[in-house]
Structures are given as C-alpha cells and as structure tokens.
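Have a look at the structure that comes next, please.
Chain nomenclature is as follows: A, B, C, D and E, assigned in order of appearance, with residue numbering initiated at 1 for each chain independently.
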Amino acid sequence: MGMIVNCAAYQGGRRVADIDIEHDAAAALDLVPSGDGARADRFVWLGLHEPSEELLRRVQTRFGLHDLAIEDAHNAHQRPKLEVYGDSLFVVLRTAQWQAGKIQYGETHIFAGRGYVVTVRHGASLSYADVRARCEGAPAMLRIGASFVLYSLMDFVVDNYFPIIDALEAEVDALEGEVFEQPSGREDIGRIYEVRRELLVLRRTVAPLLDVCDRLMRFDVPLIEPDIRPYFRDVRDHVIRVAERIDDLRELLTSTMETNLLLASVRQNDVMKKLAGWAAILAVPTAVFGLYGMNFQGMPELHSPYGYPAVMAAVACLCGYLYYRFRRAGWF
Amino acid sequence: MGMIVNCAAYQGGRRVADIDIEHDAAAALDLVPSGDGARADRFVWLGLHEPSEELLRRVQTRFGLHDLAIEDAHNAHQRPKLEVYGDSLFVVLRTAQWQAGKIQYGETHIFAGRGYVVTVRHGASLSYADVRARCEGAPAMLRIGASFVLYSLMDFVVDNYFPIIDALEAEVDALEGEVFEQPSGREDIGRIYEVRRELLVLRRTVAPLLDVCDRLMRFDVPLIEPDIRPYFRDVRDHVIRVAERIDDLRELLTSTMETNLLLASVRQNDVMKKLAGWAAILAVPTAVFGLYGMNFQGMPELHSPYGYPAVMAAVACLCGYLYYRFRRAGWF
Amino acid sequence: MGMIVNCAAYQGGRRVADIDIEHDAAAALDLVPSGDGARADRFVWLGLHEPSEELLRRVQTRFGLHDLAIEDAHNAHQRPKLEVYGDSLFVVLRTAQWQAGKIQYGETHIFAGRGYVVTVRHGASLSYADVRARCEGAPAMLRIGASFVLYSLMDFVVDNYFPIIDALEAEVDALEGEVFEQPSGREDIGRIYEVRRELLVLRRTVAPLLDVCDRLMRFDVPLIEPDIRPYFRDVRDHVIRVAERIDDLRELLTSTMETNLLLASVRQNDVMKKLAGWAAILAVPTAVFGLYGMNFQGMPELHSPYGYPAVMAAVACLCGYLYYRFRRAGWF
Amino acid sequence: MGMIVNCAAYQGGRRVADIDIEHDAAAALDLVPSGDGARADRFVWLGLHEPSEELLRRVQTRFGLHDLAIEDAHNAHQRPKLEVYGDSLFVVLRTAQWQAGKIQYGETHIFAGRGYVVTVRHGASLSYADVRARCEGAPAMLRIGASFVLYSLMDFVVDNYFPIIDALEAEVDALEGEVFEQPSGREDIGRIYEVRRELLVLRRTVAPLLDVCDRLMRFDVPLIEPDIRPYFRDVRDHVIRVAERIDDLRELLTSTMETNLLLASVRQNDVMKKLAGWAAILAVPTAVFGLYGMNFQGMPELHSPYGYPAVMAAVACLCGYLYYRFRRAGWF
Amino acid sequence: MGMIVNCAAYQGGRRVADIDIEHDAAAALDLVPSGDGARADRFVWLGLHEPSEELLRRVQTRFGLHDLAIEDAHNAHQRPKLEVYGDSLFVVLRTAQWQAGKIQYGETHIFAGRGYVVTVRHGASLSYADVRARCEGAPAMLRIGASFVLYSLMDFVVDNYFPIIDALEAEVDALEGEVFEQPSGREDIGRIYEVRRELLVLRRTVAPLLDVCDRLMRFDVPLIEPDIRPYFRDVRDHVIRVAERIDDLRELLTSTMETNLLLASVRQNDVMKKLAGWAAILAVPTAVFGLYGMNFQGMPELHSPYGYPAVMAAVACLCGYLYYRFRRAGWF
C-alpha cells in the first residue's frame, strides 16, 4: 500500500505550501512544485511509506532521480550508504527499535537534491512526523535547505540507536551477574549467544554510517552547505559512540564466555574433589565390613566381645580423620 | 573440446552480424570483423567454453591480446583480478553455484578492448546466454559498448553468489538451533567444520572483487565509459554485502563453536553431579548392608526381631533424605 | 549547583585581574574582559564546575562559542575529542582517579580561543587549582597564551592516568601470582573479569587522546603557537605509554585466563588420577573380602588355620605393590 | 668451497662469450668483461654457490657493489628484500623445497645492475641451470637485459613454492579426515602443531616478496625496463596466491584444533555417560546381594524356597529396565 | 653518582683531543670545545652514565638542548623514540641483555647535533667503549660525523637483541619438546606464561625502533648525511628481523598453549577410559561374590562340590574377556 505520508513545500525556513494527502497519492504528487529552483532555501519535502513501484517511477520522473537509486529504494535490503549521482544524494539508513526484547529493523532511503528531499520508509521504523515538526520549529536552520533536513533525519535515526544499546547493556550486566552467582544454565548461555548475534547485526547497521558521515563532512559532496558540516560531525560523533559501545559489549561477552568456561572447569574440579573425597571415606567401612564378612574360621576378632564395638569405633575414627583432612585441604 | 559458444557483432546497441557456429570454430573466428573500429558502440562479443590452446592463440592474434593474459586464460586456477594491458582489460572472475549441498566453482576470464569482448568459461558455470539476451534487450545501454557487457557479466556473476549465501545461512541457522536443543554429535560438529571451510573458500572468491570494482570505478582505467561507473559502484555494493554476510556467518560459527564447547562443559558437569549424587545415595545401603553382613558374635541388632525392618526403614529414610537434598541443590 | 570556581585575566604571563567569586556567579562573569584582544598573551581563564545551563548560555554569548559545543559541554557523556569551530577549539577530556580499588571517571570540557580559556568540570575530577598555580609559577611559558593553558590541563589529566595503571598492574601481578600458587577460586576469576572490564573502559578513555594530540601537534589547527607543539608531542608520548601499558595488561590477563584454563585441566587430571589410583587399590580388598564372604561349602581356604592371615598378607602386598606402581607413575 | 658455477656474457639476447670454469675461480672472474656497457642488452650473468669471502670481495670490486649488500650476501640469514643502491639492485630471496616430508630452505642473493647479474646461492636450493637454459631459449625476451634475468629467477623461486603448498594441503586434508574418524592421538596433534609451525616459517618466506614485487612493479626503481613490469605483476600474483593458500591452511588448522577440542569434550561426555550408566546398573545387584548377605535373624525371604529365584528375577528385570532406559536416552 | 664516562673531540675521523676524566666531572666538561663548528666532521662525543641533574643541566646549557629532552633523559622510563628539536636529534633506545635466564633492561638516551653526540646510559646496559673503539677504527666512516656515531650506537643496541632472541627460541624449543613427551606440569605452564610475558615486554622495546629507523632513513630529518642512510636501512632490517622472530615466538607459544589444552583433554579421556574399563572388570567379581554371599537357603550352587571352582572360573573368564575387549577398543 504505497502512499504519500506527507508533502509540503518550504521557503526561507517556513512551510509555504501544504499538499493535501486526502486525494489520490498520484494526483497529490502532481501538485508538487517541480523543485528545480536555484535557491537552496526553497524545497519540497516528500515522505513516502513503502511506495508502489508505479509511485516511485513518478517520483523519479519528476525529480530526475537515477535508475539505480530507484531500484535500491524499491528493494529494501540495502546496507547503509551514501551515493552521489551528479548533484543529488542518495542515502540509505537502517533504523532500529527495541521491541519486546528484540531489535526490529527498518530502512529509510533519502533522495536529496536541489529543491527536494524525498524519504522512503520500509519496515518497522518510527514516523518522521516528529523530525518534520522539530525542523519546522527551527526556521533559522531550516532556511539552510535540504541538507538540514538530511542532517535532522540522520540525527533522529542515530539517536534511536541509544535506547537499544542501553537495553543490551542492561542485559549484558544481568548476564554477567549470573555468571558469578551460579553455574550457567543453558538459558543463560543461549541468551549470551543471542545477544552476540544481535550485536553482530547492529554493528553492521551502525558501522557504515561512519563512512557516510565522513564523506558528508569532509569531501566535496554536492548539496551540503558549509554551515551544516559541524552538524554532520556531531552525528559522526554519536555514531562512533554507538559503535564503540557495541564493540565494548561484544568484547565483554567474549570475556564472559571465557570466564564461564573457566568457571565451569573450576566447578567440575570442585564436584570431582567432593566425589573423590566421599568415595575415599566410604571405602573405609566398605573394606572393613567386607573383611569381617569373610567366613574364615580362624578370625579371633569375630569371637571377642569387644570386636564389634572396637571395629565400629575404628571405622568411625578413620572416617572422621579423613573427613577432617579433606576439609582442611579444601576439598569439601 | 574447446569451442566457440556464441559470436556476434554489435553496433549502436543492436546485433548487426550473427556468426554461425555450425561451422568449424576456427573458420567461424575468421569471419569475425577485426574489431579495431574507433567507435565504442561497435564491437564483437565472442563467447568461448574451455577453448583449446590453438583456438586461444588464434583469438590472441586477432585481437592482439597479451601473452600473460592468454597464459592465465588457458590455465584455470586464477584468483579474481583485473589486469590492464595497454588499453585493454583482462578480468578473472570466479563463478559459484549451489549444487547438492555443496558449492561448485567455475572460472570466467574476460578480455575487453576497443571493439571486442571475449569471455572464456571454465568448469561449472552457468551459460552467459541469459546475459547476452538481457543486454540485447537494453539497446540503449548496450550502445555504451564493451564496458556495459563487462558490467553485465560481473553483475550476473555476483548476483549468483546470493543464493549460495542464503543456503549457507539457512544451514547455519539449523546448526545453531541444534546446538541448544541437544548435545552436539559428531555430525553437527563436522558440518560446522565443513561450512567454515566453505566460507573460507567463498570469501577468497568474493573479496578480491572489491578491489576489481574499486579500480573499475575510480581509477583511470581504459575502456570504462563514465556513464557506466555508477553501475560498477552498484556491483561493488553487492560484493560488499556478500562479503559482509560471509564474515557474519564466519563469526556466528566461531561463536557457535565456543557456545558448543561451553555447553559440553556444562553438560559434563550435569552428568557428573548425577553420577556423584547416585553414588552417594547408593553408598548408604552398601555400607549398612555390609555392616550387618559381618560375622561378629556380639551384634545384638542381628538378634532383635525388629532389627531387620528397622535397618531397612533407616536406610530408606536416609536415601530419601539424600535424594531430597540433591534434588533441592539442583543435582538431579 | 553550577558555579564559577575561579576566574582571572592574564597578560604577558602574569595575572593582571582577579575576579572575586564571592559575588553572584553571573555578575562575576560580567566583570570578565571580553577577551577579543588580538594579542595572544592576553586572555581570561575561567573555571566552571557543573555549571547550570543558564550560566553556560551566558558564557556562550560572551565568548561566541558554537551551539553544538555548548550542548556537548552541558551533557557530560562525551568521548574525548577535539573540535575546531572557526578559530576556537573545543576539547573533551575524560579524567580518571583510583579510589577505593575502583576507577572514578569525570569529564572536563575546555573551550579555548583568542583571549579565553574556559574549563568545565563534571563528576569526580581533581580541581585544576594546582594547574593554575603551576602555570602562574612559569610566567615565561604562560606568556605564550591560551595554548599553554590547554597543554597544562591535558598534561595534568594524562599524568593522572599513571597511578591508575600502576594500581592495576599491581593487581594483575597479584592475580598472576595466585594463579600458579593455588587453584583459582571464583573470587580470583571474578576479579580478573572486573579488571579486564576496567581496562576496556580505561582504554576508551585514553585511546582517543592520541588522535587529539596528533591533530594539536601536526595539523594546521588554530590557536596553537609553534613553540608549544613539542609540548603536545610530549603529552602524546605519555598517552602512548599509557595506552601501551593498558594493552599489555589486557594481553597479560588474556594469557592469565588461558593459563588458568590449562592449569584447571591439569589439576583435574591430577585429581582424576588420584581417584582412579585409590579406586584400583581399594578394589583389591573389596574383591578378596567378597570372595571369602561367599557361602560355598567347598572352600578349603576358609578352613585352613593360615587362611585368614595368608589372605590378609596377600591383600596388603598387592595393595602395597599397586601403591608403589602408581607412585612411580606420578599418579600420587 | 666458494665457486663460480657458471659465467657467460650475453648480447642482443644471445650468449656471446662463454667463460670456462675449469680454471681457478678467481682467474675465471678476471676474464669476465667489465660490464659497464651502456646498452641494456649486453650483460654478464655470473652464478656463484656459497662463495668464499675473498671471491665475493673480488666480485664487489669488479662490479662496484655496496659494502652492506656484500656483507648480507656473505651472511646467509636474511629476510627476502629489495635494496636499491644507486642504480643497482640487491634482491634477497628465500628458496624452499619439499624433501622427505619437511621444507628445506635456501637463500639466493641477486645483484643486478647495468651490465651484470650476479646470483649467490646458499643452502638447499635448486641450481639455476634450468633458468639459464629457459632464458637462452627466449632470446627475444633476454634481449631486454638484466631485468628479464631477475624476473626469470624470481618466477622460478616462486613457482617452486607451489609443490610445497600442495604437499602441505594434502597433509592438512589427511589430518582433517582423521579428526572426524577417530579420537586424535598425540601423533596427530603433534603433526598439526608441526604443520602450523612450518606454515609460520613459510609465510615469513613468502610474504615479504609481495613488497619486493610491488616496488619492482610500481615505483621508480632503476634497471627495470617498462616492458618487463607486467611480468613482475604476474610474479606478484603468484606470490599472493601462495600467501593466501598459506593463510587458508593456517585458518583451517586453527579450526581443526578447535574442532578437535570440542570433539574431545563430546567424547569425554560419551565415556562418562557410559560409565555412569553401567555404575547405575551394577548398583542394583550390589545393593540387593548385600541386603540378603545380612545376618539378621528375622528375614523371612531367606527361608522361603522362592526367595532366591524371585530376587534373582527382580534384579535381572530391574537391570534390564535400566539398560533400556539408558539406551533410549542415548547414553549407551 | 652521575659521571662522565668518556669524552673526546674528533676531527676528520680522528680523535684530536682527549679529555681527562680524572678531574671533577664538571670541570672536565668545561674543557670540552663548544662544538658549534659548521663542519660535520668535527664533533665532541661525550658519554655519561646515570648523570646527576646538575650535570645534565650543565650539558644542556653548553649544547643548547631542549628542556623536554633533558627532562626525559633524567627520568629513565621512556619508550624508544626519535624527537627532532630544531636541527638536533634526541633518540631514546632501550637496551636489553640476557642474564641468568632473564632479560635485563637499560636505557640509552642520545643527543646528537652539529658538533656533538651525548650518550646517557641508565640501568643494566653494556658500556659503549666497544662502539667508540670500533668507530675510531674506521676513520673513513667516522669522518661523516655525528650521524655515523648515532648509527654505530643503534647498530650495537639492536645487535644485542639477537642473543636474547636466540635464548628465548632455545627455551621455546625445549618447552615444545616437553609438551609432547609428558603431561605438562605447573612448572612448564608457568614457564610458558613467563616467556610470553617477556616477549610482550621485548616487543615493546623493539617495535618502536622501526618507526625511528623509518624516520631516520626516509624523511627530511636534520643531521643525517645522505651517505649514512643505507646504514640506517640496514639497522631497520635487523629490527624487522628481531620483531618478526618475536612475533613468531609469540604465535608458537599460543599454539603450544592450545596444543597443551587439547593434549590435556586427550589425556583425561585416556585416564577416564582406563578408570571406566577397570571399574567394569571389577564389577564382575563384586557382583558374583555378593551373589553367593547371600544367605538364602535354596541356593543349590552353594552345596555343589563344583560350585566354588566353577564360579571362580566363570569370573576369571568373564574378566579376561572384558579385558580383551577393552584392549582391542584401545581403552587400555
């Protein structure tokens, strides 16, 4: 159900034309100014959600987008990247949200050029209505043009990674605590495995953004106004922080696994020492009782009235002594 | 059985001369226009399958190919690479297909220059008839010339890696599932080992392509028209995605191995605790029964009428108590 | 409770105006000379400790600081970095102190530009009163201007990492010693895990400083006088030393873990050999005593007067022989 | 026993003067034309095998070689490298051969300059008579001069690595197979260790060649004719292939070790389950037989005529049931 | 006890003025020519051993050394580095010696500039009297000036690493041998740990030299004469060889640890199989003897004259059969 979510024209930092999306999506699109104005502060911001191929093709025709970018936008399973086609940009972002103890991924594709910004959302991603509102609340910045909208979208996407990292960190903390308190069961180990897997995917989501920000910030990419560069540097900084925290969590979990393995080995030694110790103690009565269960005739002890209590006492003493020795050696 | 699979001349994006391959291969080759036209849109596309050395030598003479490239083309065990000889290109690609739960590898060598594209297939690779058909279906692009054919071939080869990755991912998912459900047997571990090995080989197949694409895209290589560069960027993007998925699978399998080792250790602890627990419980009747099997004379319990039931009851109680204790400690 | 800790104006290396902080912080700030003098040796050094947003805004207005830097300064959880805004610098440092067997982290943000240095402290960090005193004690250097103050602050922060490394090294030495002396208990392993975790965080604190120093030293950053560059090279050298020692400790702990695991395995073998050995020795009397506990009629040994002592002697000999053999094989 | 192995002068791709080595080595050297001709196609090719220091000094004087290169050439334990002294080259290669299941290493030092190529062989390396013959068989190439001889020697040395890799691969395949078929014994593990060690040394032998080829191919080194550069690119390609195969083998062996460890753990679990199962089954008769070995008076079962067979039947049933249960649980 | 070890003036490669160090160190220093001659071949070479701060300050004043360098020279715990202050060099080297099975470290700081070389030794390092003698024995080289002295010192320090590597390699070889011959005891494992630790420290000592040599060799550092550059390239080559051997040893020890762990696991399996096998064999007589120890009345076997020998024979046969089976299965 491809649809236009929102569409408005901006000039000098303010919304000047609002396009009604009650109408048919395609018709609405025809109302959009063609956006080839030479002034950076005049542009159309069009938001799409899982558009049909037909709608995408119309958008392509109107804004003169590159075939390959449209192909990518239709086919949601891209890695985050920045492509420069002539003087327009195509940015792919992967959005992520923490839902019910799992990370849900979505994708947002952004086309930005002189006079237009088109966002295409796929899958589980938050609406960009908030971003639009925040942009409209800062007309001084919005006047900079399409590159400010691009910054706002990237900032929003990256900021949404932080609660996920927080949740994963909390989980790792909990897993860590359990490792030292009790022998890890299958559930804990399985959970460690899953978190490692999630971190692997999340890293793939976040890491390529570093390269995207680097290029937006440093190189001679079109469309990016000089005033906005420090803002992309700020986004880059957030990306690095997310990436570092992911790496730290991954390293911590590796460390947790190693520690777990060592603790399992230590615990096995403990069990084995206990086993060996009790086997040794119980060997005493077994041997002695077996001894006096023999049917030899010439066994004087059997006939002495003190034989039975004496043997029992000897066994008790020996067992007690062994118990004391093992205890002192730390086996029990 | 070296043979010419297909041979045609193109001009302005359309097939203008079709060479009959019913004739002797060598004779057919003589019919090929010499291809030294200065116009990029006029070229011969010649497809060979495991050609004889003699045929390769004729092709070399006709198109003026470099000795070293011909040597490589004859000897199929190259790593993927791009060589520039003067103003012609020599590209080695490794093709891969998923057949009967295994990856089958082939090799394709491409010579491309002003006026010609020669493909040489070795081993298990799909025919490029589809690629040719698709190219002929897009005359607007085919007009660009030999570099578009090169792109189409590379795109086809790279796209064929995706079903392999999908198959390997499915397998890794299945192996993962089994790790947590039951103790890994030799078959599972052997399969993990094999998949790791396959990923090792696949990575060697895919990774060098990144460098090939980088050079085709960025540097001043001959023959590549500017319009086609974004397309090589697209191929590069696919290569990165394949490479990343391979790396992810490798990391997952490493993680699976570690988890497996830890689980094996945990399971061993479980077995040992059970063993120790039952040994402890059984030690009770063993000791008691041994005790009253002794032949001492002065053992009053033996002569009491309540001796037997009392001892049995005591043993039962003690065993029951131990069982309860071990159960509560999580040993059973 | 945002507050101005200290505020003074310097000229030619000497303190020329001392601003009384007994008054309201905001009022005090108004007394500060505006600091846009063209001479490098004339500047204001303002120290803040966890300032309120309102105070930060006033500072921003007065010195013309960038919005993003102020945002960062208010929000303490930055990674160490250097940002250049026009001809002013914004440096984020993470301070660390060893307190009660743990590392306590703080943050210091430094704004430096023509005519001013503003330090903003967050969390557990030492006061910079010492740094100020030391700077004032070296007027020849202080005359260089704001970049010397920046150097002095960084030098102070980096020098404070050394006692932490010393403490961690001492701890690692102690843990190492214990590994070889006795089986590692849960506490040791837990402590190794914690130290690894602390090193992970500390590395994140120290490593980005290398990049900060590199840029301050080499590139064309504003404000840094040529004479001061060797001093930043010196700071960089200290950072490298700290980073290398952290890496060494991390590697040592990895090595310790591996050694621990191997030793646990060796110890388990030892226990198992002992267990097996004693089980073998005790099997002898068990079998023999069981043998002569049988109730067969035709067992001549039972009726011989030498039967009992002969059997006991045979058992003792056999056990002694086994003990000797195991001893020689190194099992006991 | 330093000696001149072969010495000839070449011009225009053909051998023009053959120097008899029947004479004293030193005398023969005096017959060598001084080789300072300005034409690249005229040069002397001198082959030495473990020369005495005195002979090396004479060679040095004649061709004006650098002190440091001569020192290196005398002292065979260099790493592969390329040194440029003025307009002459000094190349160190490590040769390798597979002999009796081991790699035998040798060293070849090559001095190449205007008008001369001097090869110095040390240790177990093949004679370069074949290389000389092959060069003389390709006069068109040999006309290029000293750089073609250098290429031919490097090509020969690198091609000799392939059979070694093949042999090691075969060995790794065999070791892999054994890992899954039977528990690894000490011999297998020892062999894995040895192969890893051999690969470590081989990698050190091969890897530096990449840098040598890169410099010969790309940079502005003297003596290398432009026509010969693609040939060095070809050598580089072979070096990469050898290096990649070494890395793959190393990774496979790491994987084999991990798999081995996991399998050892799985096998231990199997043995322990068997041990525990049989212990449980045998505990039944032990307990029951002990029970009826007691000497209590009031044990009615002992006096019943069906007591003995009933107890035996009960024991058999219980043991059989336990066996069935363990079997179903996969313990046997 | 700061002192001047040796001090002499050189010109044209020969020692022209010898300063008597019998006098007070400070007075001796005043006799030193001020060394500001413009000719490279005229310089003073001053050797100090753990000088007092006061002496260092005098040296600083005389030769115009930088404050930071003097601070470093006084405080011995630097990492190897090269600092350029104006047109003078400051080099820090870490010296190492193999003494009583341990590496003893020292430090040497070298100040070199137009007209002077000052060496400052700290800790356990060899005297540089040999280096001085060797330099004076090569007047042709010594004429080059201070950079030749610098080379000679570095060459001497680096050459002294080789015997250490040889000793460590011998130790690793010995440890390797023991791993495969017998189960590793705590001493072996402890020794492996220590060697790994020593290699860690040694690597930190050697690795930074690579960067020092690179800069001395390639970049536009002051003072280094062009003729001496190949010599620094030679030192660099030695450093690489040392570094590679260190890395190889580290990798070998990692491999040894893994192998050790696997062997420990294999050995444990062997012990457990033996334990299980003997337990099974001994279970037979235990059960049978227990059986005929029962006090049932209706046990006809007990009363048969062949009962006893028949049962004994059956037990012996069964045990023998089991022993044969376990032997064939490789458990014994």
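Keep this in mind: a residue touches a chain if its C-beta (ideal position, glycine included) is under 8 Å from a C-beta of that chain, and two chains touch if they have at least 3 such contacts.
Source: prediction; values computed, not measured.
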item: Each chain counted as touching subunit C and subunit D at once; value: E
item: Cα-superposition angle relating the copies subunit C and subunit A, to nearest 5°; value: 70
item: Approximate Å spacing (C-alpha centroids) for the pair subunit B, subunit C; value: 42
item: Rounded Å distance between subunit C and subunit E, as computed from the means of their C-alpha atoms; value: 26
item: Residues of subunit E touching at least two other chains; value: 261, 265, 268, 272, 275, 279, 286, 290, 293-295, 299
item: Direction subunit E, origin subunit D - full chain order round the ring; value: D, E, C, A, B
item: Subunit D residues touching subunit B - in the complex, by the definition given at the top; value: 176, 180, 230-231, 233-234, 237, 240-241, 244, 248, 251-252, 255-256, 258-259, 261-263, 265-266, 268-269, 272-273, 275-276, 279-280, 283, 286-287, 290-291, 293-299
item: In the complex with subunit A, residue positions of subunit C that touch it; value: 66, 68, 78-79, 81, 83, 85, 183-186, 189-190, 192-193, 196-197, 200-201, 204, 257, 260-261, 264-265, 267-268, 271-272, 274-275, 278-279, 282, 285-286, 289-290, 292-295, 299, 301-309, 311
